[in-house]
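The next block holds one structure in the form of structure tokens; read it before the comments.
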Amino acid sequence: MSIAHIGHAELLVPDLDASVSYFRDLVGLRVTETVGDRVFLRAWQDWDHHTLVLTDSPEPGLRHMGWRVKTKADAEQIHAAITERGVESTWTAGSDEVGHGDALRFLTPGGLPFELYWEVQKHVPPPEDASKLPSHPSRVSIQGAAVRRFDHVTFIVDDVVAEQEFLTNALGIRHNYFIHGPDGGRWGSWLSCNNVSHETALTRNAHQDGGKLHHIAYYVDSVDEVARAATLLIDHGYELEWGPGKHGTSGATFLYFREPGGNRVEIWTGGLLIFDPDWEAIDWSKHVGHLGNSLWGTPMPETFRDGTSLPKTVVTA
Amino acid sequence: MSIAHIGHAELLVPDLDASVSYFRDLVGLRVTETVGDRVFLRAWQDWDHHTLVLTDSPEPGLRHMGWRVKTKADAEQIHAAITERGVESTWTAGSDEVGHGDALRFLTPGGLPFELYWEVQKHVPPPEDASKLPSHPSRVSIQGAAVRRFDHVTFIVDDVVAEQEFLTNALGIRHNYFIHGPDGGRWGSWLSCNNVSHETALTRNAHQDGGKLHHIAYYVDSVDEVARAATLLIDHGYELEWGPGKHGTSGATFLYFREPGGNRVEIWTGGLLIFDPDWEAIDWSKHVGHLGNSLWGTPMPETFRDGTSLPKTVVTA
Amino acid sequence: MSIAHIGHAELLVPDLDASVSYFRDLVGLRVTETVGDRVFLRAWQDWDHHTLVLTDSPEPGLRHMGWRVKTKADAEQIHAAITERGVESTWTAGSDEVGHGDALRFLTPGGLPFELYWEVQKHVPPPEDASKLPSHPSRVSIQGAAVRRFDHVTFIVDDVVAEQEFLTNALGIRHNYFIHGPDGGRWGSWLSCNNVSHETALTRNAHQDGGKLHHIAYYVDSVDEVARAATLLIDHGYELEWGPGKHGTSGATFLYFREPGGNRVEIWTGGLLIFDPDWEAIDWSKHVGHLGNSLWGTPMPETFRDGTSLPKTVVTA
Amino acid sequence: MSIAHIGHAELLVPDLDASVSYFRDLVGLRVTETVGDRVFLRAWQDWDHHTLVLTDSPEPGLRHMGWRVKTKADAEQIHAAITERGVESTWTAGSDEVGHGDALRFLTPGGLPFELYWEVQKHVPPPEDASKLPSHPSRVSIQGAAVRRFDHVTFIVDDVVAEQEFLTNALGIRHNYFIHGPDGGRWGSWLSCNNVSHETALTRNAHQDGGKLHHIAYYVDSVDEVARAATLLIDHGYELEWGPGKHGTSGATFLYFREPGGNRVEIWTGGLLIFDPDWEAIDWSKHVGHLGNSLWGTPMPETFRDGTSLPKTVVTA
């Protein structure tokens, strides 16, 4: 029972052209394919058909978060585990989404729309974007922040502990570290199925209005590139929401901003890798938790804890 | 009539050992020489005997700021210009300071203790620190932030306009850009004698308690190195005061902190160079001034505008 | 049956003081403990007691390479797998080495001295090196290249294919990519048990004089840091062997040099991570293999293919 | 008598579209204006109308190198100095080139086509490229290597000593450092009118076939960006000629390549600044000259010393 890695996020955006331009020209993603009112994108070293879907919609928000499992058997095991916990799910025969096969879809207890799939379509670049290097599924990006790959996804939920336990116990995602707020309550948990510091994270919704996308993150190679991205965004008319700054927890350097539709995006680099097979989740007590959040001391904006500032989760059939 | 470049700052520090350790082990300067209660230091590519003097003293503060002029004739021209403006000065035959020759000392109208000198002693490294490269006056530092060279010095003064005009008209230091506060008043001016964005700057003392050192700055080569310095300092028990962040004015990436004695130090990189012979000082109006101060949006701490938070200027005979 | 991660290398060095100084002052490792003629070191974010052992010896070379397995059961499974392949091994009750418990030791078919162990002693920093951050097993290094963690180990062997198949089939280490020389033969294979591009690699010994250590590698965070390390080493009297350069295969930026005893060390950054559960080893054919080795075109030195230029493997009881 | 700074280079290119695409999409310059068969370009922080002119021509080569002087009086002083040395020159009333006013044109003794001008047209960005920051004459580039500014120009000449003395004595360009080849002869000289390590350089033509453009260079902000540029170029089908590497002389990190027309271009960062008013040109003797050329040891390609591998200088009326 295990998830292989995060796959892709489908974001709803009210101005599709604006959001596509933003991700393509400034973030540096490439458009793989456009199908109706949906545009499929990926970073230059993402191997699969897409890691981001932008879908035209009156309201912004997360429509679904896709996770790759190795085989259908893995999905079946997870199906049993979530069913046992009273979570309803749907097997979709075929998918409305290009790029992968059948899927299992469900809403987590915290209200997050997850999808598991096991067959993927690898990216085949058009000739003009094919690299001589077999390690490059397409040429390195020459556009904007030129991010390398999809890295992680973070959610805001009402109950961090309950949702983390669901992810760990039902989906098999290891709990890597957690943080306490000044009130001593759990404010955040970071998890992964593999060596990265986190493929997903949960942060506490101070306004308790349900589970939502907190942000999706793409990876760049250095602090230098994060800083460059910050300046690019500002000089092209966008606002930063937080950063560049450094998380003490992962050691990563971060930059958060909103795409034109209002969904939050992060560009980051440098999180630690976890190799220890006996890893126990690091407890960032309230005494040092602020260093975990913001090593350099820039305060986290209130919007990071306030679910009402975030687009809704929109679950469709 | 022109100043060639900034030379060195003499800082008073109440715990000499602590300050020396800090600059040597964390900032990465090298001690050139110790004479009595004064320690002379330099960065690895500083060509002269020293760029920093740390002097034992009950109270922290700036004792003097040294400026190199090309010849004694340049000092004499400046002597005439400041005398004409009613500024008293003293020719010191010889100096209590090793590393340079005779000097002209005076207090600017804003209360800053300046020294001009024209004969310098080049740094001669001890054999174990001699580099094979003639472009390296000593080996590159393997210690701490490993800063490359002394870069600039900033002051806080009561009247930015008056002091800037003195520096420009009497000392010949070009005015490169200036910033207005929300009240429309001049809050800062940046100046240089050469191509760098500023060798000195003046910032308004909101509390009007006189001219003081705002900070001295050493140069590193990249944003990556500034970020690394920030983490080094925090992890070794020190606090950052502001940054890492980016000034829109110069385009430089900055990091401010206090050395153990309380004097403020900056590590920075990347300021623009000015080549235009017709350069007119850029006016950062109040509408965009905040982008000039802090492009990424981290607010400048109040201590940056409050002279009472800064060590005093101590002028001795 | 699986190895958790690489653990540590024991290098024999003829001038122990010189090698310790080198790794400590220039590479930026910390000494954990000294026991007799052995010095134990680690990088600042290595969690275990040590990742490098330097042992005084008349001749330089590799004495053993330690691999962490999760439990004794994993070691027993591997024991069965290697025994089936005719490889003799020894269970050591206790170890002559501080920092871990019992071990299984054996020589691979290619002649590499491997050790598996399952109980480890975590690093406990002395108070003056303890960080406030629970993600830092010790404070970030302020010394030299200040490497972050032990990354990988590469060997030179007579038969790359046979040794790779042993590592994959008997030890369970996934084959990630391989390279062909101009003669069409397999010149190199890169493998890992986890998401990193390689934890170990095999390169062909053109002189067919047996299996030896090719190099050990420590990780830094950016190309900037690799470049800084190069300049540090040169300016402090050492020679680079190859680099800074870039491998197309992993996308990593590299720098190779010899420590004073003659063992080769690499400082590197940025290798790709592999998440795909269906990953098939990438075949770098002879047509593009040179881009895999050296993307920027700096030719690989002949010493990289010539086992006679490398210290011997010394296997002791 | 002094030159203010380098201004612009006019390169002849046989396939104008290909060269324009290259500089725009990969190097990251912006097209300011197209006039007939000439395209004018600049980097994002170049303040003037252009720093590069690409002109359609059957053969590639340098047509002229423009230098800014402060006033016409400066041009007149230089006119007297070169006339005294037997160099013929032409005052052009108006110019066939947009972006600046009248000019003085001449061929140096070494055969280099120079132009001096004193009136410049500042760049006025189109609205969609205007930055909110008055320090940005246009928005930061989001394209390719996104170079910051025109940095320097290097020539290959038959007699380095004679040409350096002309530049220093007749044009007032300070000699900063020089290098000797293994034969003890002067192989290179680097000069500037200001604080940068060099705005122009001369390198010896081993084949003695006259003065030509060796390369033009644009500045980026970090080693990280140089490395990124290298990978961009390779992955988009171009070859590197030398680098990334490091010059010991200036301390800069370099990358050389040819634009589609065959003219050589450099992307570089980090050269030292020279502030000392008594600076004496550093002598890189033959013993350490190789460290000056190539600190990391990558050998300089033969094409760097061979004028026959370079496009011709084409001087038109």
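Assorted remarks:
We just call them A, B, C and D in the order they show up, numbering each chain from 1.
By our rule, a residue touches a chain if its C-beta (ideal position, glycine included) is under 8 Å from a C-beta of that chain, and two chains touch if they have at least 3 such contacts.
Please read these numbers as outputs of a predicted model, since none were measured by experiment.
Looking at the partners of chain A and chain C together, the chains they share are B, D. A count of contacting C-beta pairs for B-D and for C-D identifies B-D as the more extensively joined pair.
Centroids built from CA atoms put chain D at 44 Å from chain C. Centre-to-centre separation between chain B and chain D, using Cα means, comes to 32 Å. Those residues of chain A in touch with two or more other chains are numbered 132-133, 221-224, 231, 291, 295. Taken chain by chain, the contacts link every pair, so each chain touches all the others. In the complex of the two chains, the chain B residues touching chain C come out as 25-26, 131-133, 136, 139-140, 142-144, 146, 221-222, 224-225, 228, 231-232, 235-236. Here chain B touches chain D in the complex through residues 4-5, 45, 47, 68-70, 132-135, 149, 177, 194-196, 221-224, 248-251, 270, 272-273, 275-278, 282-284, 288, 291-292, 295, going by the rule given at the top. Residues of chain C that touch chain D in their complex: 222-224, 227, 230-231, 234, 239-240, 243-244, 246, 253, 291, 295-298.
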